[in-house]
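Mind looking over this structure? Questions follow.
Per-chain numbering from 1; labels A, B, C and D assigned in written order.
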Amino acid sequence: MAIDYPKALSDRIQQIPRHFIYLLLFGVVVWQLLAPIRMPIVPSHPSQGVYDAIAAVPDDKIIIITTDWDASTQAETGPQTQAMIHACFQNHKKFAIMNLQPPMGVKLANDLAQEAAEEYGAVYGEDWCNWGYKYGYENVLMSMAKNIPNAIGKDFYGTPVEQLPMMEGVESVKEVGLVCIVTGLSAMTEMWIGLIQGPYNIPVASAYTAVMAPIYYPYLDSGQLQGMLVGAKGAAELESVVARPGKAVAIMNVQSWAHVLIILLIILGNVGFIFARRARQP
Amino acid sequence: MDFAGLLQRLFPTVETAATLYVYLAVSIVVSAIFIFMLHTLLGPRGRRWLIAAVTFVAGLFFGLEYFYPVAGDPAKNFLTDWIEPVSVMLSVVGAFTVGLGIYSLFQVHGRNVAQRRVGWHNSLAFFVATFAMLVFTLWEYYLHLPQPLPEVLPWPKVVYEVLFNGMFAPLQAATFSLLAFYIASAAYRAFRVRTGEAALMMAAAFIVMIGQVPVGSWLTSSIPTDSSLAFFRLERLGEWIMSWLNTPAQRGIIFGIAVGALAMSLRIWLSLERGTFFSEQS
Amino acid sequence: MNPDLFILWAAAIATLGVYTILYRENPISRLFEHIFVGLSAGYLLATTWTLNLEGKWWNPMIQDKKWYWIFAPIVGLLFYFIYSRRLGWLARLVMGLFFGAAAGTFFRQFFPIFSPQIYACFKPLGPQPGMSVEGFVFEVILHHWIFVVILLTVLSYFFFSVSHEGRFGRGLGRSALLGRWFLMIAFGAMFGNTVMARISLFIGRIRFLLFDWLGSLIPWFAQRGL
Amino acid sequence: MANLEHANWFLRVLFLGLSCIVVASVLLAQRGREMFIRRIPGLSAIEEAVGRATEMGRPIFFSPGLDSINIVTLQALAILSYIVRLAAQQATRIIVGLRSPTVFPVAEEAVREAYQAAGRPENFHSEDIRFVSDEQFAYALGAVGIMSREEVATNFLFGAFYAEALILTENGRALGALQVAGCPEPTQIPFFIATCDYVVIGDEYYAASAYLTREPTLTGSLVGQDICKALLIALVVLGVGLATATGGADSFLVTWLKGG
């Protein structure tokens, strides 16, 4: 038979029942998803770097956004791509979407770009275009370095790219001002850096899932990457820079609240522990 | 001599289906006789010796290929071409143990149903789920539906979709997501300043955890990113802990287990293991 | 027939069913546990055939007429002799094959896995040419020195056959204690580093329940999700 | 040519050296040389944990991790074998939950043999060695179901664990089981520390069978492992020294270790 003796407050906050913690977490997540109270987001150095790199592209050059991701990493890479597209439109930079791996990537990115284009009144072919999925990895990049219209051929809709107004004067990578890599796959960055960034000195900025990001910090340190978005956090930071809070901001806001909850619980437990210990040692 | 060639010489391909079945039947009979002869001719010592010999040869085969000198491009030695087919054969042999696992499940749940034990209806649900998944996964597989999928799906495909995407995948995702609750309550309970060790663990967890969410970056955002104090920005401090305190400690563990696993492998390979399993006869 | 509505409801019910285990193990969670185990057993059986045996074993044996593949099931079925007292040693024979392969596979992996880990520890401890004092403190001391000290103290913790007595032993004991502290810091960091990933799984499930499932019934919820 | 697809002469010598040290110390120990092993708290707790189940008259749950047959799993089975012998002597039931079908027959055979070695072959029940599921999270739910329905007093988790580890131990804890866990890979250790009563960390896992059985072969192997670790430390110290001397450039040692 367990008898419930009245407990001191310091003991009680040390022994919050687990069900209560579960309920708190559940409540916080549901509440913040339905009626969010935004916690501050301050862009970190690498995320700001992505925006600055986009803003710094000369007006006569285009940006390539290569979207090597599909549904499996969409939760992180989708908002990253979207925020980059917003950054391009806001700074009136022309960009082209393309990718080398999962063919799905250009389709998903195309939907995001179309949605944003409507918002800014941008026109396909003039302000942005989609080069589509190009098979051949290194070979594509090597031939792009020499002659982009030849290497790309037709765009996502089947139009030869040299017929697009924005492609006027775009011969080779020399007319590319920035490459933005958004990827859930390793080896893509190495390929672009090895074949485009290194030989032709074209700036590169990138976005990765949180899991794969750590291996690319050295490239950031060495200046081979101008900036880098890390997972949903990076996407949220860029979303806040372009003032288009979307899915990533919503998710990171819930994350912030959940983390604050856990940290408060830890602090509460320790406060109880310290007071209880003091009470026992007169 | 390459692997395929040797197999071809030892086991020449047969021409017609009829001869194939004859060969198969004869192989089964001959194998049965061979196994029976092994069983009757070998005494306990002979069996032990044979088991040790098989273990040794299997280990030697995989190990020697790595350490034996190689030549040519791609670099090869006399065992290299054998590694892949032998691994496939082992995986096929191992696949036949699935029956044992399923037998174990059927044994436990079959008894529950047969004896109407407490909760027998759960065991019945188990059987229904097993057979439904087995039948419709195979059915869907042999429908060989064209891609893209037709507008109107055949009903077995619909059932498969509901079983897989409506039950199996959500059950996986929901169970996985239980970890959010468990990690919150484990953090609350475990991170107390009871001992110096616990306090260190808590401090590290605290900084890394908060450094990952936007609210953490915000807390120390007043420290300029280019000052020498930038090191103390929470997200930087978290990264520093991860890569310069966590990595070497993990390496220390990994070196230890490398040697430990090497010793275990050697004992297994040379049948030196004593005092644990499969060693009492010696 | 469109399966989407069935999938939506089945997924919502399954998710809620699993979540009841948070209260305690109960009849509902037990039912879903059995369904889950059953589904995975059926899937295992089916995919063992479709992904493994059909392509790697049956087709080569029957279509390509490589009849030696008949020996694979014969060897595999030796496992089943564990249920026989007299023939049990035959099961051990095939287990011996797998044990040997496990050991040999580890020998193969030893250097590919561990060698990079070893040479990645070779951190320079002295100042590099052209380095400022500040650079030396931040780049070398805060990174490389700490790295090497932690590595060595942690390794010293894993010496089991040396007593922590005597002059050498006491030194090792102190180093081991320090190593244990560093281990705790590392474990804390790993714990903290995992929290976000786990919570994002839960956020994903709640988004599904609120915006997709409840949203399909009550439009207010669906609007919140946009 | 630098790659690790095959060994170069340096790696061959290093591997042969490490192997010879281990095998030599095993053979020395078998000849009867006394070896010392320091106390390892997590492993000392195993006896207490089995005793608790005996006192309470409730079963023990053991999981040998999620991997198929590899070195980690074989070590888990070695620990299982010791625990079964201990439990068999005290007539305490032990339930093993398995994830890999290939490990299933091996575990069954190892447990049967351990009961025999303990002189209690009649206490072995085949249905207590259970294949749960090969799907990671179905395994976790199934194992939690076993813990709760069988009202286990003690949980042993030894082997390769992944994300599901916390599901097992947090529920085991809520059910009031005494938990001892060990995993060589560090990733799940933080969660074991947070939820289990005793945790076996890193190489302690491979020291377990020597520590528990005090079998000369295994203690000898443990001494050999320590010598190997000292050798690795020497290698690292040499490498750090060379890196310091060259200001961070790749030394010959790095080239050799890279397989060049």
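Convention: a residue touches a chain if its C-beta (ideal position, glycine included) is under 8 Å from a C-beta of that chain, and two chains touch if they have at least 3 such contacts.
Computed from a predicted structure; not experimentally measured.
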item	value
Innermost chain, where centres are averages of C-alpha coordinates	C
Chain pair bearing the highest count of C-beta contacts	B-C
Separation of mean Cα positions, chain B and chain A [Å, integer]	32
Centre-of-Cα separation between chain D and chain B, whole angstrom	16
Gap in Å, rounded to a whole number, between the CA centres of chain D and chain A	40
Contacts with 2+ other chains: residues of chain D	5, 7, 11, 15, 69, 71, 74, 101-102, 105, 109, 126, 134-135, 137-138, 141, 149, 174, 186, 190-191, 193-194, 201-203, 207, 222, 225, 229, 232
Residues of chain B touching at least two other chains	65-67, 94, 97-102, 105, 119, 171, 175-176, 178-181, 183, 185, 187, 189, 191, 201-202, 205-206, 209, 212-213, 242, 249-250, 252-256, 261-262, 265-266, 268, 278
Sites on chain A at which at least two other chains make contact	18, 22, 25-26, 255, 258-259, 262
Graph class of chain-chain contacts, one of line, ring, star, complete, other	other
Pairs of chains, among all present, that meet the touch criterion	A-B, A-C, B-C, B-D, C-D
Residue ranges of chain B in contact with chain A within the complex	180-181, 184-185, 187-189, 191-194, 202, 206, 209-210, 212-218, 221, 225, 235, 239, 242-243
Residue ranges of chain D touching chain C (in the complex, touch as defined)	4-5, 7, 11, 15, 35-38, 40, 69-71, 74, 101-102, 105-106, 108-109, 112, 126, 132-135, 137-138, 141-142, 144-145, 148-149, 171, 174-175, 186-187, 189-191, 193-194, 201-204, 207, 211, 219, 222-223, 225-226, 229-230, 232-233, 235-237, 239-240, 242-248, 251, 253-254, 257-259
Chain D - residues contacting chain B, complex	1, 5-7, 11-12, 15, 18-19, 22-23, 26, 68-69, 71-72, 74-75, 77-82, 98, 101-102, 104-105, 109-110, 113-114, 116-117, 126-127, 129-131, 134-138, 140-141, 149, 163, 166-167, 170, 184-186, 190-191, 193-195, 201-203, 205-207, 209, 213, 215-218, 221-222, 224-225, 228-229, 232
Contacting residues of chain C [partner chain D, same complex]	18, 21, 24-25, 29-30, 32-34, 36-37, 39-41, 43-44, 79-80, 82-83, 88, 91-92, 95, 98-99, 101-103, 105-107, 110-112, 115-116, 118-119, 121-126, 128-129, 148, 151-152, 155, 158-164, 183, 186-188, 190-191, 194
Chain D partner contacts - residues on chain B that touch it in the complex	65-68, 70, 75, 77, 94, 97-102, 104-105, 107-108, 111, 119, 171-172, 175-176, 178-179, 182-183, 185-187, 189-191, 201, 205, 249-250, 252-257, 259-268, 270, 272-278, 280
